[in-house]
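Got some structures for you, see below.
Heads up, the next two complexes both have subunit A, just with different partners, subunit B and then subunit C.
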Partner chain A sequence: MTERTELREGREGMPGQHGMTSAVDTPVEKPAPRSGLLAVARAPGWVRYALLAAGLLVALWLPNGLYPAVAVDILCWALFAVSVDLLLGFTGLMSFGHAAFWGTSAYLTGLVAIHAGLPFPAAVLAGALGAALLALPIGYLAVKRTGIYFAMVTLAFAQMVYYVANEWRSVTQGENGLQGVPRAFFGADLTDDYYFYYAILPIVLLGLFAAWRIVHSPFGRVLVGIRDNPARARALGYPVHRYKLTAFVLSGFLAGLGGGLFAVGHRFVSLDVLHWTTSGKAVIVVVLGGIGTLWGGVLGAALVVRLEDWLSFSGFEAIGLVTGGIFVLVVLLFRRGVWGTVAHLARRRAAMRRDRSG
Partner chain B sequence: MSGFLQNTFNGLVGGAFYALLALGLAVIFGMLRVVNFAHGAFYMLGAFGAYVLLAEAGVPFWAALVIMPLALGLLGMVLERAVIHRLTRLDPLYNFLLTFGLTLILQDLVKSRYGVQSSPYATPDELSGTVDFGLFDFPTYRVFILAFTVLLCGAVWWVLGRTRIGMVVRAATERPELTRAFGIDVGKWVTPVFGFGIALAGLAGVLAAPMRAVNPLMGADLIIVVFAVVVIGGLGSIFGSVAAGFGIGLIQAWGEAYLSDYPLVSQTVVFVVMAVVLLWRPAGLFGREEAPA
Partner chain C sequence: MAGQAILSARGLTRDFRGFRAVDRVDLDVAPETVHALVGPNGAGKTTLFNLLTGFLPPSGGRIELAGRDVTGLPPERVARLGVARSFQITSLFPQLGAREHVELALQASSGLGWRFWRSAKLMRRYRDRADELLAMVGLADLAEAPAEALAYGRKRALELAIALALDPKVLLLDEPTAGMGLEDVDRTVDLIATVRRGRTVVMVEHNMSVVGRLADTVTVLQAGKVLVEGPYEQVRADERVITAYLGAADAAH
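Here is the complex of A and B:
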């Protein structure tokens, strides 16, 4: 417990450091806590439980209100976004190469499911473990740099993975992609996306819960301490590189979980899953939802996946124009993201009420 | 022997493109602390602009070589004023994201107008043919690219190192507050420097048009290799970026020539070099150590 209070003091004691050290930051003139999570954590208990219950209800209802295949995509992307936010929002590292883990797991899951005929959760687990294994060397090298360099290094290594997959045609089938990934599950018929959604929902919720657990553990508090003031964390005796690497591997695992489910969901894996645009999309989903809010990523995933589906359904071809436009607008005008904005408004109202009563 | 020399020459020509792009990235980064993801898109626009000018208006290569960098430099300056400027006070990652979005937009704009197929661009007559170097012949156009790039990098180096403008830019790069305290208007130089970096990317694009396939995605994968190049050279070091550009070009060409059975090698060697550099000198070969994080 002591390390927690130490770090939180450090965080509030040196606001001037924020702009220098953390990966993404609101401007210095806004000293409000950036983490929407903190705002929710401080909200009264009934608000938190009500939000959780509402979220679960929406998750249970989703494939009834949306095209089930889209709902499945949203779940997978939610995991992907949360994995990116774990690094971006809570460790201060912007990975621009997370497609490497998402895609590697997608291919591994596909291969295991096709060749070993295991039930799909086992295949997905194998894929996610493979992604975590890949995250180890990449993370080891990448955490040697911070800030913008970290983004460039992860982007470069992800591109390397892309080239390898592109060349290694005997395994990945190159441009044709892996086809016919089965959805085996002890003889249950999951060919209908509607039932498949409910089959993967527990796995996704487990992954989201794991992310929440990580962020709220003492380990997670140290990560936030490193994000806000690495020098101080180091001075306190925390092995900063090792903490960052651990976070990176955990994040790779979660991204892999999402990627594996994505592969089974589409029954098809193409090189797109490893492309740098996929990495970029994951980051913008997080920024749109709200950096450092965890649940914001889920919201961002829902918005972006739904929008893209709507665009392709209405025959609009230049999707990059819209995705790029979202990037530009969000970064220019909406840096707090959806969840961050809501949390900010809630905080302001609470502060006003306090002022009135005090 | 002549085979080796020829491969080396090819490597230097390939490296010239990396060097030009890395130089622009480094100059922009030095002055604005912005890593411009859209650099590859501007390279593509340079090549595409040259193609469109020739195909639709009959403007020759030499004119395009002047027009495109000027036009793109101007566009870069407008962009800097309009959007990038608003984010420079924040963390550099925001501008990285912004320029990433711009890349997607620029690519799709070109794609929706001209499609994804590659368009050919004829080598200008004056530069077709080969030059005889005794041991081997070399296409004149490639000799021209190499000579032109070396001269250009030398000129940029001279401007930065020996002129008053260069002095201001270097000072503003290293100690912006102190430079301001000396009564120098640093802000005045930010926009032109950004425009200049973009103009270099456009120039590289025009140079690439006769040699490489002109298509909307030609800059997309290239820019990631250039990122690896500047990590290797050290983004803060202009000399390092250019040297790493030529170096990586050489290594790739040798890999292509002597390990041609393994195409993966020449594609990924730049990332392997980057990994080694990160292990051995994390700040880059010519970079200075970052302030302790």
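Here is the complex of A and C:
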């Protein structure tokens, strides 16, 4: 078995790597997941601006319609989901260990905010940079693997981070967690979640814009190429591993941004932020919203966070049963996710109308 | 001879779990020639291609590109040294449009691909050159079409356009006319005859008429070994080739 593993894994992007038989002479065309990238890029301009305006309006209204604390969670999870989609949807890498970056940033942000007394955006930035730094060695080792192996390597590293945090009680306070993370911001009173929401909204929008920019950059174009056909990308001269690593670090930064805000939002950091179920939830949110749609992750975050809050408020205890059940339904029936399905239907209708009028 | 070769292999070997696909192959490709690799199915032609382009590490032997040792270099490094390849089974980016493929290939030699903070609109700088290359391979009208929607012959043409976009010194074509209709074959032969000027072309090809029209040198492989090498007319008349290659090819088709 060792040699086959070497054959299929030793040189990523080698023709024939997808076959279980020794079809080493034949490059196998891999069916690519449907991408929202080009569809979004090709939607008429007014549709995109209208959607953007509607999204911004909803974001501005959100804490008036929901519990502000829930709205804050939605923003943080939106960043987290988008960071996972950057890898899953646009690079073809399924990270099952993104809690490592979310959680590391949460702890770092908490520690910086508590001990340095910096304004919270500076603490969050420090946390996100720390997460990106952590993503460098983990990504370096992980991007050499693909598919399930990549997912397992990221999961393994995330578990290591979890156990380090658990053991390193003098810093992380172990199971007690970091208590009393301040929301310092130049003397402004942000203790009310309602105001805190508006304080972090610009940071979140900036993070989402960064993700959008990355996807629609020359770099993002290369990533899509790598996702769809790594062997071809290498034959063009693109160093696939280095591109994937860069995407991984950028994704780690964005996940860290979300995790840092989450820590300040809750004023408390527990080991949950590093638990593997947190990584799993991020993947569920992305799949629910729509892989490779970017904004689908935001929508998925809103749905999952809202649903979980509603379930726990109504005293329902097996929340995982419901979210898990919905996940199974989405995977079986709506593989494009919420955003992807809606976009697909809209496109089909537009095409039908064009056919009729033309 | 070896000193003049632009691409050469010495004792090149590749084993797959006890099966020797390429067996101590010596190969010298003279600059600005068309060099065809022929042989029955399973002769190791595509494996040899994968070795020469870095897609497979050799089990033994050595590869030189213009005198430089490139043995064991990863494919992207080999590509950057001026070796472009096409794939036997069409290998494209299914979601991307034809022009986007060529733009991506043109961009590869610049640093633009790293600019994650810039707009993809910057890639428009490659548009004119991309359209030129698409017109050259007869895809001018299909620049916007996603690759997965192209007919088979068009996909092959796009493969060629991408390889040419890299402006390679050495162009490796793996069965450029496989599965094409006669008309497309003629057009592809004309195209290769055009683009070979100033370049070296190495091609795996089953269609002997294509080989006859294009190749300066033919290397016949059998069971991973070089059977015969020489000019087309000479190789075609060789007894060993007639029995080994033509017989086996007839049986396979």
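Going forward, the second predicted complex is superposed on the first by the 323 of 358 C-alpha atoms of A that agree within 3 Å, B and C clash if a C-alpha of one lies under 4 Å from a C-alpha of the other, contacts with A are read in each partner's own complex, and residues count from 1 in each chain.
We take it that contacts are C-beta pairs under 8 Å (C-beta built on N, C-alpha and C of every residue); 3 or more make two chains touch, one makes a residue touch a chain.
Since this is a predicted model, take the numbers as computed values, not measurements.
Participant: Is A:P218 in contact with subunit B, with subunit C, with both, or with neither (first, second, both, neither)?
Facilitator: second
Participant: Going by the contact rule set out at the top, does A:Y49 touch subunit B (first), subunit C (second), both, or neither?
Facilitator: neither
Participant: Of the partners subunit B and subunit C, which touch A:F209 in the superposed model: first, second, both, neither?
Facilitator: The answer is neither, since A:F209 touches no partner chain.
Participant: Quick check on the superposed pair: does A:F313 touch subunit B, subunit C, both, or neither? Answer first, second, both or neither.
Facilitator: Neither partner.
Participant: For A:I284, using the defined touch cut-off, is the partner it touches subunit B, subunit C, both, or neither? Pick first, second, both or neither.
Facilitator: After superposing on A, A:I284 lies in contact with subunit B but is clear of subunit C.
Participant: Per the contact definition in the header, classify A:W61: touching subunit B only (first), subunit C only (second), both, or neither.
Facilitator: In the superposition, A:W61 contacts neither subunit B nor subunit C.
Participant: I'd like to know which partner A:Y238 touches here: subunit B for first, subunit C for second, both or neither.
Facilitator: The answer is second: A:Y238 touches subunit C but not subunit B.
Participant: For subunit A, which residues lie in the overlap of the subunit B contacts and the subunit C contacts?
Facilitator: Shared contact residues on subunit A (touching subunit B in one complex, subunit C in the other): 22, 24-25, 27, 231, 240.
Participant: If we count contacts the way the header does, which residues on subunit A are in touch with subunit B in the complex?
Facilitator: 19, 21-25, 27, 94, 96, 141-142, 144-149, 151-153, 155-157, 159-160, 163-164, 167-168, 230-231, 240, 276-277, 280, 283-284, 287, 317-321, 323-328, 331-332, 335
Participant: Please output the residues of subunit B touching subunit A within their complex, sorted ascending.
Facilitator: Against subunit A, the touching part of subunit B is residues 35, 83, 86-87, 89-94, 96-98, 100-105, 107-109, 111-112, 220-221, 224-225, 227-228, 230-231, 235, 263-264, 267-268, 270-272, 274-275, 278-279, 282, 290, 292-293.
Participant: Can you name the residues of subunit A that touch subunit C in the complex?
Facilitator: Where subunit A meets subunit C, its residues are 3-4, 7, 10-11, 13-15, 22, 24-29, 31-32, 34-35, 37-38, 213-214, 216-222, 224-225, 228-229, 231-232, 234-240, 243, 246, 250.
Participant: Mind pulling up the subunit C residues that touch subunit A in the complex?
Facilitator: My answer: residues 16-17, 21, 42, 46-47, 50, 53, 55-57, 74-76, 79-80, 84-85, 87-97, 100, 104-105, 107-109, 112-120, 122-123, 146, 162, 166.
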